[in-house]
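Consider the two complexes below, in which chain A is the common component and chain B and chain C are the respective partners.
Up next, the complex of A and B:
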């Protein structure tokens, strides 16, 4: 199993490094979004006397620059591609293997992330020059961040797998996916740091996995969380990985039965 | 020319009318996008009463114009440019070039994604609500200024898309550049005045979001000066000519490749 992961990840690294220009364009295109949020919130902070919800323009800059890496860690096999995966029979081939197909996805996209992290470093340097972030992480914070971005990756892989598998039953899924992504955008810390959301939205987010894939890794590095909260956050990530994993198993069993029936 | 456009759009509309369920799907998606936009605006204004000199209803008006313009881009400009890019890639552009009409007009009107016009209606509704909240009287000149500014902004965006797509004659795939454009267009949901200088320049002259969204919104909120409108007209005219030129040069390149 470990061999499988290493080989798959190595393939991904070699493949994606060949397409480094395309990868770069994609990453640059992604930067517009956090820059917009950063400018809006810096303007608000400036209008409120330099601080809003505990964030200054400097910490906002740190938040949204780290955001760009976390956003890249959040890229997994997209639910939109499930329709194609089912229709063109790619899945049939993967079903013949003695290993659950999700491992292939985790390993491949995981390897890709290594390339992305390397490509991200110069972008982060450039953004830091432009926006002057305030960032002074402790060793523990850096360590928790390094683990938490991979926890985020696993949680999102599991939940988007479960969501994508809805395609086993119907192909009219785009509205459902977009509703999911809209909720995620609002309640994950992607649009705004969690502490700026109204209290009822924060309570709602406590029952959802979203903030553990986005807000938590960023705040682990940028915020001033005490050690207990940092480690507790990693615990919450483990919990949501378990929930996501169980969900994937459940939907997968039912879905594959359904898939077999269609294939005759 | 206008008769040709009318007939193409009519056929496109009839074609889309066959797929009624797509209307519902688009309605849901537009509603979700609108909901997210409103929520974002709500969060911002739960912490402040003014953003770079714009009040909440004024920013609602900006959002309305943004949605409206996005609907126009998605309905008319984007599908035609996608098809042009595919035609260049597959060599099927010949079918358009051999027709006895101006090729640039033809490639710009062949597709119409009717249901995307829903965003135009939604944007207009948001705009209406914003104007009602603002309460002031809307004079004839303001309305006229808004219409002209909107038209000029649309022409600028069309010219820019045509130029970027024309680059496909040389490098074939320009998807990534178009992605970049879509990212930058999202910046137009907020008035460009709040962005730092270098970014404002980018959003004004490279990707004319400033002229497409902020300037029409300025017309409605009584901020538009004659000088700005004149500048918009000059830039729109210049970009149209430039796009025409780039298109002609690109076209020559295409003919050279297939011969």
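Up next, the complex of A and C:
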């Protein structure tokens, strides 16, 4: 299995480096979103005497610059592509292989992340020059962050896989996907840091996986979380990976049965 | 499983689909909200056959006959509605890894190659997927590359290859794990004659070297004639014929072709349907039952220099079988 992961990831690196310019433009395009959040929150912070909920313009800058990497780590096989995967025969080809197709996705997108991280570094340097982030992480925080971005990737892969597999039963799924993404945007730390959300929203978020894919990795590096919270966060990620994995297995089994009954 | 057991056993295999039906127009659309009408499509309707290890069998039938559905059930992609399937002792629909490592399904439109990379990289990915030991992998890869004659192409990105070249790579990739059973669905579709011949030669050689069992569908009779001694003809989800390729012509050809060369020109219309005239040689088509009587008459009544009786081309026979009504098919079922 390790050999498969390495070979598939290497394939992704070779392919995606061929598309480095396209990848770069995609990343640059993605920066508009956090820059808007950053400008808005920095203005609010300045208007409120230099701070909102413990965040200064400098820590907001750090939050949203790290955001750009976490956002890229969060890119996985989209649920919208499941319909195409089923219809064009890709899934049939994958089902003929003696390996679960999710491993191919994890390994391929994982390899792609390596390209993304390399391309992100100069972009982060440029953003840092422009927005002057306040960032002084400890070694432990850097270590937890390095693990947490991959944890986030696995959680999001599992949940979006489970969601995408709804396409086995119906192709009218975009409304469901939109609802999921709206909830994720609000309750993950993507739109605003989790601590700025109203208490009821924070309580709701505690029952959902979203904050462990966005807010937690960022705050692990940017925030002042004590070691217990950092390690506890990794534990929560593990828990959500397990929940997501179980969900994938459950839906997959039923989905493949359905596929076997009605075909592509 | 002993070597004497069949490689493939199919008994009373059926696959029915329920498809929604609705007439066009707004009213029909509204009505379908309240009452959904479905129709049952019998894609495969009681198919039985066995195939011995090492056999190459042609699986013939017009579009929609149930060929691909059957192959998909044999490969484990589709679950039968009823009936039994066993391949190499496995029940395909269980999709056991051990089974998936022993078989391959190649479909004319299947794409398992990485588009932007040379085929060599896709081959390496197959090695990792099927956990093929390095030495074994290199041996198989190099052997196939030589057999297919694609040594100068494997380092080019797949996107720069022609359709035929890509198909060769697809077949190489599909056989690297040396499967014991091959399901080939239209492997030469859309390819020129030279490419078709090369792929046919490759399949025959693979079968000879490994003793693998092959089931092949193709619309090109040249593929079938070159590779298969036995054919199974399926139509409307039923087996119409299962036997030697030569027997298919014997059984279904309703006509014989008589080629006759005359010393002096004569009107041959009274003897049969004139199919063509090539100089002094005339080709007649006569009902099978009358062939010997017409031949005797020709020899007795005209100055015949040369005379041949031929089976019609297999393409024509197949076309004739498929053009027949479903009821004709039922009558033609082997008893």
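Here, the second predicted complex is superposed on the first by the 263 of 264 C-alpha atoms of A that agree within 3 Å, B and C clash if a C-alpha of one lies under 4 Å from a C-alpha of the other, contacts with A are read in each partner's own complex, and residues count from 1 in each chain.
One rule holds in what follows: a residue touches a chain if its C-beta (ideal position, glycine included) is under 8 Å from a C-beta of that chain, and two chains touch if they have at least 3 such contacts.
None of these values were measured; they are calculated from a predicted model.
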Clash or fit, chain B versus chain C on superposed chain A: fit
In the superposition, chain B vs chain C on chain A residues touched: B
Cα-centre angle that chain B and chain C span when viewed from chain A, reported as a multiple of 10 degrees: 90
Considering only the touch criterion stated at the top, classify A:53 as touching first (chain B), second (chain C), both, or neither. first
Taking the superposition on A as described, I'd like to know which of chain B and chain C A:99 touches: first, second, both or neither. second
So, does A:129 touch the first partner chain B, the second partner chain C, both, or neither? neither
Scan A:25 for contacts with chain B and chain C and give back first, second, both or neither. first
Identify the partner contact of A:191: answer first if only chain B is touched, second if only chain C is, both if each is, neither if none is. first
Is A:139 in contact with chain B, with chain C, with both, or with neither (first, second, both, neither)? neither
Figure out whether A:174 sits in contact with chain B (first) or chain C (second), or with both, or with neither. first
What does the superposition give for the shortest Cα distance from chain B to chain C, in Å? 9
Which chain A residues are contacted by chain C in one complex and by chain B in the other? none
Provide the residue numbers of chain A that touch chain C in the complex, in ascending order. 3-4, 6-8, 11, 14-15, 18-19, 89-90, 92-93, 95-99, 256-257, 259-263
Of chain B, residues touching chain A in the complex: 21, 25, 28-29, 32-33, 35-36, 39-40, 43-44, 46-48, 50-52, 176-177, 179-180, 182-184, 186-187, 189-190, 194-196, 199
Within their complex, state which residues of chain A touch chain B. 22, 25-26, 28-33, 35-36, 39-41, 43-44, 47-48, 52-53, 172, 174-175, 178-179, 182, 185-186, 191-192, 196-198
Please give the residue numbers of chain C that touch chain A in the complex, ascending. 17, 69, 72, 75-79, 93, 95, 97-98, 100-101, 104-105, 107, 109-112, 114, 116-117, 121, 124-125, 127-131
